[in-house]
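Input: one structure, supplied below.
Labels run A, B, C and D following the written order; every chain starts at residue 1.
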């Protein structure tokens, strides 16, 4: 039999002036199941709380309703008081008769009637409350950082420098990501590799960081604090431990005409290769598809050359199982392939290149050793046209969003070009200049004012080849006239898009993504580096197009989130989580789809012989955030939400 | 050779060769106009199979009978396009593995029986797509038009009159291939969301909840409507809801076995004209 | 010379009976369903039906009957009993199978506990049955050793005249005689002859079927699984059956007040025998169908010496998957040959 | 005329937005009609159509449903799921003859105390004009009556 205590707070005059608390207390005293019904001036005061505690002890109360201010104000206070009196805190509920009653109504009778309904409804609810215990989740203090670009490196270093273990996984043979490909960086024009490579080395040598390159995530199971991650170590055919990185094999490799991914096809590489000279680790891999031995069964020159016996053609992919507490996803982006713009001739005319290719041309370590030379004939271009928004902000052919970095890097390209080719001419077609950022607007002004970049506001309609020139036809919308420029080279400021396998990968780790394949943050404003899956954080351009400072800032933010998570051995969570009645569950999996947190898994119920009897849904309390969307979906009423159970809500309605 | 004959021959081959363990089809009924579901397990019995324009019951509900498909053996089943759609939904909702099915597809056009090509659900995609295309154009039943032109009060009274007949025999639920729950919400009594008594309120709640649970899932096979022993025009409610999800979410139930349930998915730009 | 009630006088009868304090109830077509309902005028009656879709049972045993209203107070529970409203009724135009069904259920409702809800209505009702001159493929009273003119359960039996102008009146019970006193001057003497009765083909051998059912070996027969394979487990047959009488008592309401009700229940439902533990002694539909047949033709007659079936055929007529008692007993008859 | 009809209205709201908005209306001392009784839930995603039916069974003349604006859901997309259910359930209620004016939906954020107060006032006034939901009350009364003769 329920023994509910009802404590009606006057809140001074705040409630008392508009609600007849004496009448309310008397009415509640007459309600079935109510053992105590008392009023007091301030229940939140020390003596007030003491009186609640005494009443709990003296009457062996099975539940408490405090009719007072909003639960958002003092629910925690009174639940704590209940716990101190030996009553499970979740057997305490608040009837909000201040914010939602006495403060907003003028007629005392009506306000009192309403207060009675509110309180009675809450009494009916609390009769059906269950004792709940906070959920404790153990935490494995090891972070996984996926992606070895600048964001991943930054996150890994920040976490490792705080003394926590990190596993850094990169699928390419070397750390570095896109930043390693860049020449100089805006707005300071400092050399990208000069600031990048020390960080790469630091990450590789850090005692707290385990670096896995040429490795991919196979599967992620588990939940916050307790992920089980399987990593595929792709076979390099070069023994990481034996190889000294002398590079002799690379020099001797006869397959030399392979287009270099790192140089965006502007340079060549060998079949055994490191992506670039400063690769970390400086250990080559054999590109099986292009290796003469793998193709013809003969060659092995590299193996013969190697003095450390590091080449192993028999090598197989290996798998590593990791126990991980938190995951930072820093998988980056790719540049859009511009061949969809047939009118720009990308892919057709060798001298129409994209911005990343221009970076390689401008880079001292690039295929032209930093000289701006046309890919077609190796001549220095005298006139370069840059086309901004080649893909971005173009709902018809490209993407709807702004890629954010192109305005700045195009300005940078114009400056680099001007610095390298002194009498070169630059025309930049643009839609708008977006230069929000520290030093950014000044930077783009410099391109115009100091380096004489000519900005033309308008779109380019066509690029064609004529007499060895690239003819660029566009329109200058400010002057309202067509423009035609004979250029030697055209650079497209290509859109940043999500990785080709971004959506697949999101499913592997169980996070959400938007229509473009960028990963969804839990809350755009308030939780920008958390994914909707607890324990998985987002850094860098995998979440949306970003420049380097933003990526680094976000990476550090994820590190602080990871470190906060690792600051305790156990996570303690509110027990407001869904539960499933496996006996009645029909296994339709609608809840699995509806759950925003991937907190519901499919579970097989087996008989003693291991045969599947039936399949049901199973809620992982570590992941469940307690929204209850699944409960509402469940047609058989098998799911329920602790703290807001079907019985409780039914009773609340029936109590009105 | 008639379609009936072709299908009998095929059924015989499948059973004789052990390719399927059972053929679920139609047999003669009590009266000349009636057909009843039959379950053939021996090639000698295939002559009992009947296929004509009276074969209207959607047999897909039998596929989720407890234990039928759990041995991973295959079963053949006679299905109209609605039946194939129902199988798609059952597969999408993990109630069966459609690879275990061999479909004898057919349709009734006028008084003609038409064979549908294909044996796997995937092969009926075009048929279903054309059903979807034609769905909005299907002429409305007069009664439905009449109901839609009523005032809310009249409609309430109309349905009260219909629901008053309900005896809570749950023939609608039992006949429906989509009602596969191990425990129906009406049988959940903690709390008792739906009043089980067959009184005006209980009947109203039951019929409305069933209609909601079928929204976006009903393939309009008509099993419930035909099963109802007290002639409540259940098809009208289900049709109205199918029309709603098609119009609002472009969702046509059962187009494929991977279709997401309309109420477990969403689009950020879903219509919301009525939300203040 | 026999007593005749002419149909053109029926309106006068209704009027007279109403004046004498009877409610008049009979077969009607309402809301696209044929059922028994109270009428004001004879014209509302539809006496041409072979049989109403819904059975007469609900006039005595409604699908949901309030028994007790309760309110939980602070220290007590207040209750209010519900009994069926009292009033004399004439049920005009019942069919012999429906009337028999009520007589079949009388011993059940009066056996260990006298069900006042049932008997108050039984005692206050006069069943005026009209013998059948037409039947359909599902009628099977003759198989149950009843007939289109059975008097079982009837207070008056009317036999349609050959000239279709009215009915021959046979008074069966005192209650029937009393009710007809109110219309004594309307009933006339005449030499008109009764129309031939409907011919209802005998569909199965009841004795042989019952003997098979009584043989304990047949309880586990494969037959049950085969015959019930297409059963979908709805309660259409049991709820339309005039003799099925199972009910469930439910408390329904909100958190501190509500109503205790007696609701129809059905052995077809899996939940019917579900234990709280989750165990279900009748876990398959075949076990449930076997129970229904066994109960009607083995257990019930074992206790009350009468089969719990009056041969109305509604179970087969309305079954969504074309099953029914007829088919099952036909198959059993074959098995026991 | 007798005294004006005071409708009984039951509201189901999410705790993060609308409930907080209602609290803000309170702390801002806005005044609104006292006819609405609020039931607090974690998210609009938790609001089941069954709640609406039970509110009507309990004699509500009107029902309100409110939560976070699209995109603002604390649980990222509980309200998107809710919105779909409402679309469908609303169409069903309408077809079955429950006037759409009786069940109202809104998005009210934690900052929209004023919107909350105005919304309550408007809905209360609208439902007052509609009058008691007699058709539904009749259903409920029938369940309390004895079986027919």
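Going forward, contacts are C-beta pairs under 8 Å (C-beta built on N, C-alpha and C of every residue); 3 or more make two chains touch, one makes a residue touch a chain.
The structure displayed is predicted, hence computed values, not measured ones.
Colleague: Between B-C and B-D, which chain pair is linked by the larger number of C-beta contacts?
Modeller: Ranking B-C and B-D by C-beta contacts puts B-D first.
Colleague: Please find which chain has its CA centre nearest to the centre of all protein CA atoms in view.
Modeller: Most central by this criterion: B.
Colleague: Whole-Å distance, chain B centre to chain D centre, using C-alpha means?
Modeller: Chain B and chain D have C-alpha centres separated by 34 Å.
Colleague: Quick check: how many Å separate the C-alpha centres of chain A and chain C?
Modeller: Computed from C-alpha means, the inter-chain centre distance equals 68 Å.
Colleague: Could you state the distance in Å from the CA-based centre of chain A to that of chain D?
Modeller: That gives a centre separation of 36 Å.
Colleague: Quick check on chain D: which residues sit in contact with 2+ other chains?
Modeller: Chain D, residues with two or more chain partners: 54, 58, 71, 77, 81, 85, 143.
Colleague: Of all residues in chain C, which are in touch with two or more distinct other chains?
Modeller: 64, 252, 254
Colleague: Among all residues of chain B, which ones touch two or more of the remaining chains?
Modeller: Only 185, 192-193, 195, 197, 199, 202, 263-265 qualify.
Colleague: If you connect every pair of chains that touch, what shape comes out? Choose line, ring, star, complete or other.
Modeller: Here the contact pattern is complete, since every chain touches every other one.
Colleague: Going by the contact rule at the top, pick out the chain B residues touching chain D in the complex.
Modeller: Where chain B meets chain D, its residues are 147-148, 150, 152-160, 185, 193-195, 197, 199-202, 204-205, 208-209, 211-212, 215-216, 237, 240-241, 244-245, 248-249, 262-268, 270-272, 274-276.
Colleague: For chain B, which residues are in contact with chain A within the complex?
Modeller: Residue positions touching the partner: 70, 93-95, 180-185, 188, 190-193, 213, 260-261, 263-265.
Colleague: Give every residue of chain C touching chain D within the complex, in rising order.
Modeller: 23, 38, 62, 64-66, 69, 82-85, 87, 89, 252, 254, 259
Colleague: State the interface residues of chain D toward chain A in the complex, per the touch definition above.
Modeller: Of all residues in chain D, those touching chain A are 6, 10, 15, 19-20, 22-23, 25-27, 29-32, 34, 37-43, 45-48, 51, 54-55, 58, 71, 74-78, 81-82, 85, 117.
Colleague: Which residues of chain A touch chain D once you look at their complex with the stated criterion?
Modeller: Against chain D, the touching part of chain A is residues 70-72, 96, 98-101, 103-107, 110-111, 113-114, 117-118, 121, 512, 520, 522-524, 532, 576, 594, 596-597, 625-629, 631-633, 641, 643-644, 649-650, 652-654, 656.
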